[in-house]
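Okay, so chain A shows up in both of these, paired with chain B first and chain C after.
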Partner chain A sequence: MRPAVLAGLLLGPALLVNLGTFLVPIINLALLSFNEVRPSGGVGPGPTLSTWAILFDDPYYMEIVGNSIGVSVMVTGFTVLAGYPVALFIHRAAARWRNLLVVACISPLLVSAVVRTYGWMVILGDNGIVAAALRGLGMAKAPRMVFNLTGVAIALVEILMPTMILCLLAGFGRLNASVEEAAASLGAPPWRVFLRVVLPLSLPGILLGCLLAFVLTVSSFITPKLLGGGRVILLATEIYDQAIVTLNWPLAAVLSVLSLGVFGLALLLYGRVLRLVEA
Partner chain B sequence: MAGTRLVLEGLSKSFAGGPPVVAALSLVVEPGEMLGFLGPSGCGKTTTLRMIGGLTPASAGRVLVDGRDVTALPPHRRDMGIVFQNYALFPHMDVAGNVAFGLEMRGMKRPEIGERVARALDLVQLGHLAKRRPKELSGGQQQRVALARALVIEPSILLLDEPLSNLDAKLREDMRSEIRDIQQRLGITTVFVTHDQAEALALCDRIAVMHGGKIAQLGTPHTIYEHPATEFVADFVGRSNRFSAMAAGGMVTMGALSVRAPGDVRGAATVMIRPHRIALGAAPGGGEWNEATGAIARVTYVGDMLACEVAAGGVTFLVERPTQPGLADPRPGEAATLHWRVSDTLVFPAGGG
Partner chain C sequence: MIGKTLHKVLIVLLFAFLLAPVVLVIPMSFSADRFLVWPPSGFSLRWYSALLGETKLMEAARNSLVLALLVTAAALAIGTPAALALGRSRFRGREPLIAVLTAPLLLPTIVLALALLIVFVGYGLIGSWAGLLFAHLLVALPYGIRVLMTAVATLPPAVEEAAASLGAPPRSVFRRVTLPLMMPGVAATAAIVFLVSFDEVVISLFVVGPELTTLPVALFRYVESKTDPLVAAVSALLVLLTLGVVVILERAMGLARAIGR
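Now for the complex of A and B:
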């Protein structure tokens, strides 16, 4: 059998499944966005641009898009800041500890995001240990950390950290001890070694981690829904509300296509910057 | 560039719980001298180099540069140029960027950096590749960039950690003389670490042969090769015939063979004789020769040399003779007489290092 034919046969099943369960629904979704909703909650006949027009009539939706991107960028930033030192530490650890540390770092993935979110509700709640600790330290009134953006951001950063650390470690390939030693021997104090050598060489990992964290935050829905208490409205939570609560499927479809667009832009930006970094 | 004097005083390194990797090592590297640390892997030579450069903290002892104690200084304040075994070039910078790095760290102005980088790259004949990335260069070219990068900062001391071991044999010899040329021209005090005895002999003014964290012998290549201080040095540097023997005041007995030897070792001993110092045929007469008769056991032709194994008096000698046209090759089974200088008979007490 010719290799090309064999490859086709081997790839075929996965390709068919992906076509049927991924591509077709997305096309359906795109088509659905060109319908409009009936007062009964049913889907009216199409095609029409009237649902898309809502985006321009009502600034509320564009605000959500902007808000989603803003929150995601912030969460991504904090995740990098929190994950980078951990990843660097693991990367530099002795070989026999490294695997153990990696396992320890990604073990939170064994617990579903739902459970972890509820965990954060307990920890950050008004009577949780964080608030109690702050009161114990003499703070008159602990800041509110649940049912607002603070709690959502804290929980999302924690939930995304394992992914971020894995991405960073995967991107640290060009980083090695002797390159850092060479920089030091040439007269670079530690902070300059970090800025001129360590950071540039770990940029591919940082970029990959940021892309993934960003995409996962934009599409995150359980954590903002539960910890946001209805006050943190992001694209994913709004899509859920439109589809399940308001039964406005065409509008949910429009917002879904919009979030796909955001992902596409993020991917495009990632590719551009990566080429710049690796050139 | 005025040479710098490097002094090591009782330099030691031991890692938690283990035996010392380097044990109380003391020596002086004179200004402009090229000193080689030679030894098998694990002898402590690289650890010593790293302690000189400040990359590994010393457990005890001092490193003095022109009388100044630098033992406690971090590497970026030691002013030493280091060439690493894997070159350790910055993959995200081009060749010129790599070489300029050390000058930038010294806060030098841009025009002067450009001038110095160009000069350093000319020194290693890489001026035309300034804009290339390290991954686009061959091993030998990367090696030269690493050398230029270490030299451009005009360090007080140059440290070379097995710089040639990743190159193929032909290139290694070219780079060997190139490094030596540059070092001589700049008159820079240099410490060179290698496990390759030929490299050490060819490059260094003096060699410190290391064994088990200690200096087994410190001397010129000539001394190290001709007058090895210990059995280990004789065995590690150059090839040797090696026999267990009994020594008794100027005579050594190996197998059924008794020959004269210099020195006054008595009792169980190890005798070593360089294969190329043994010749086939009867001794030319006079008192300074040892002679043995036996039979050719095996002959191996290796191009520039003929390696003959000769069984004599119950022991087997390896004899190396340069090949020459018109000279009849000995054949296995033939009777043969061997001779070598009494002074080429090296005797060491048995069980010595």
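Now for the complex of A and C:
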């Protein structure tokens, strides 16, 4: 058998699945954004720009895009702040503990998003653990932490931490204990060793972690839907509502293309910053 | 000294934060109360027995189990040859091919789900086993291919060369040497693909029908309408299942390598 034929046979089924469940549907979706919804609910004949025009007529949708980006940037920021100390701790832990710590950190990644979001309802709910603790501390009325942005943000930071820690750990591979020791032995105080040696060397890992956290927040759906209680409206939740509740597929397609655009911009920005850092 | 203690406290708090939702559903699942109240007024098994009476959830769980097994078998059958071709040969267009095959993992699942919904409606695949199987393969196959490629990349080629130089024909080199060496990777892939399918919720939400639903979708709908400790009981069981998979992955090829990006 010629190698090309063999490769075709080996790869063919995978490519067919990819074509049928990914490439064709995605292209179809992009084309559908140039249709409009009929008053009766069906999809009208295209092509037309009228669905795209809604974005400019109704500021609501641009607000959602802005809101999604804003929330994602905030969540990404908190995820770095929460993930960095843990990753650094694991990186410096004794070898026999390191593997166990890594497993403990990334196992939550394998637990269903519904379960983890529900777990946060147990913790943050009106009669939850945090509310009980606050009452125990003498607070008369605990602040509301579910069905608003606070709860969604807290849960998303936790849900993204494993991914962030994985990226940071990969980035720490470049850290070398002897460089830190050299800086310290030359009289640099610990905070300066951190700022001038550890932090710059770990920047590529931070950047990759931030890119993934941002992208995953933009596409997160279960957590804002369940913990947001209808009050946190982001791109993903709006796509769902338009597609399933309002049945306006063309508008859902437009919002999907927009979220892919946000992804593209994030990727572009990542590439730029990475080049600056590595230069 | 104080700084060091503070640092330790911070690390412990962050680990607690990270594990809290997964761990705390377990005590909550033994609650004797009708609502989510902490601390529970007492402990009981009432929510576990209530679970047995929830026919919808039980049926959804059975569907998810069957579906995840089918998806795992299909992903291994389709993914293993693909990973061997991609991992073993260097040909023009290999990199773009890998990019296309794993692209579904990078895009927002909600967009993939909507795209599938629109195509599936046209073919009557909504709410069908075939539709769910293909929908899950969309994300399970790229996952499988990625883990299998890692497994193939770490096979020592020298062993196969030795077998071939001793006169073994290519077919028996593959069957007697390559395949057994790949088994841990295949086991890890099976475990991870099973879990990806069993936990998949966003895409399923778009392609399930009134007659055929999956456990995560049923749970999602349940949590959307009411929050009581029943879901904690299911969650506790799912956390145990995940722990089992973690152990398999860790034994087979190392958890970090299996799901590292």
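Everything that follows uses one rule, which is that the second predicted complex is superposed on the first by the 260 of 279 C-alpha atoms of A that agree within 3 Å, B and C clash if a C-alpha of one lies under 4 Å from a C-alpha of the other, contacts with A are read in each partner's own complex, and residues count from 1 in each chain.
By our rule, a residue touches a chain if its C-beta (ideal position, glycine included) is under 8 Å from a C-beta of that chain, and two chains touch if they have at least 3 such contacts.
Quantities reported herein were computed from a predicted structural model and do not represent experimental measurements.
Trainee: Answer with clash or fit: chain B and chain C placed together on chain A by superposition.
Mentor: fit
Trainee: Between chain B and chain C, whom does A:113 touch in the aligned arrangement: first, second, both, or neither?
Mentor: In the superposed model, A:113 contacts chain C only, not chain B.
Trainee: Among the partners chain B and chain C, which is in contact with a greater number of residues of chain A?
Mentor: C
Trainee: Go through the superposed model and pick first if A:72 touches only chain B, second if only chain C, both, or neither.
Mentor: Neither partner.
Trainee: When the two structures are overlaid on chain A, which partner does A:239 contact: first (chain B), second (chain C), both, or neither?
Mentor: In the superposition, A:239 touches chain C alone.
Trainee: Of the partners chain B and chain C, which touch A:128 in the superposed model: first, second, both, neither?
Mentor: Once the two structures are laid over each other on A, A:128 reaches chain C alone.
Trainee: Once chain A of both complexes is superposed, is A:259 in touch with chain B (first), chain C (second), both, or neither?
Mentor: After superposing on A, A:259 lies in contact with chain C but is clear of chain B.
Trainee: Based on the superposed arrangement, let me know which partner A:105 touches: chain B (first), chain C (second), both, or neither?
Mentor: second
Trainee: Angle chain B-chain A-chain C between C-alpha centres, in steps of 10 degrees?
Mentor: Seen from the centre of chain A, the opening angle is 90 degrees.
Trainee: Would you check which partner chain A:35 touches, where first means chain B only, second means chain C only, and both and neither mean what they say?
Mentor: neither
Trainee: For A:223, is the partner it touches chain B (first), chain C (second), both, or none of the two (neither)?
Mentor: In the superposition, A:223 contacts neither chain B nor chain C.
Trainee: Looking at the superposed set of three chains, what is the minimum CA distance between chain B and chain C in Å?
Mentor: Here the least C-alpha separation of chain B and chain C stands at 13 Å.
Trainee: Pick out the shared contact residues on chain A: the ones touching chain B in one complex and chain C in the other.
Mentor: The overlap between the chain B and chain C interfaces on chain A is empty, containing no residue.
Trainee: Provide the residue numbers of chain A that touch chain C in the complex, in ascending order.
Mentor: That would be residues 3, 6-7, 9-11, 13-15, 17-18, 20-26, 28-29, 32, 82, 85-86, 89, 99, 102-123, 125, 127-129, 131-132, 155, 158, 161-163, 166-167, 169-170, 212, 215, 218-219, 221-222, 225-226, 236, 239-240, 243-244, 249, 252-253, 256, 259-260, 263 of chain A.
Trainee: Touching chain A in the complex: which residues of chain B?
Mentor: Residue list for chain B touching chain A: 53-55, 74-82, 84, 86, 88-92, 101-102, 105-106, 149-150, 153.
Trainee: Within the complex, which stretch of chain C touches chain A?
Mentor: Where chain C meets chain A, its residues are 7, 10-11, 14-15, 17-22, 24-25, 28, 35-39, 77-79, 81-82, 84-86, 89, 91, 97, 100-101, 103-104, 106-112, 114-119, 134-135, 137-138, 141, 145, 192, 195, 199, 201-202, 205-206, 216, 219-220, 223-224, 227, 231-232, 234-235, 238-239, 242-243, 245-246, 250, 254-256, 259-261.
Trainee: With touch defined as at the start, can you tell me which chain A residues reach chain B in the complex?
Mentor: Interface residues on the chain A side: 174, 176, 178-179, 181-190, 192-193, 196-197, 200-201.
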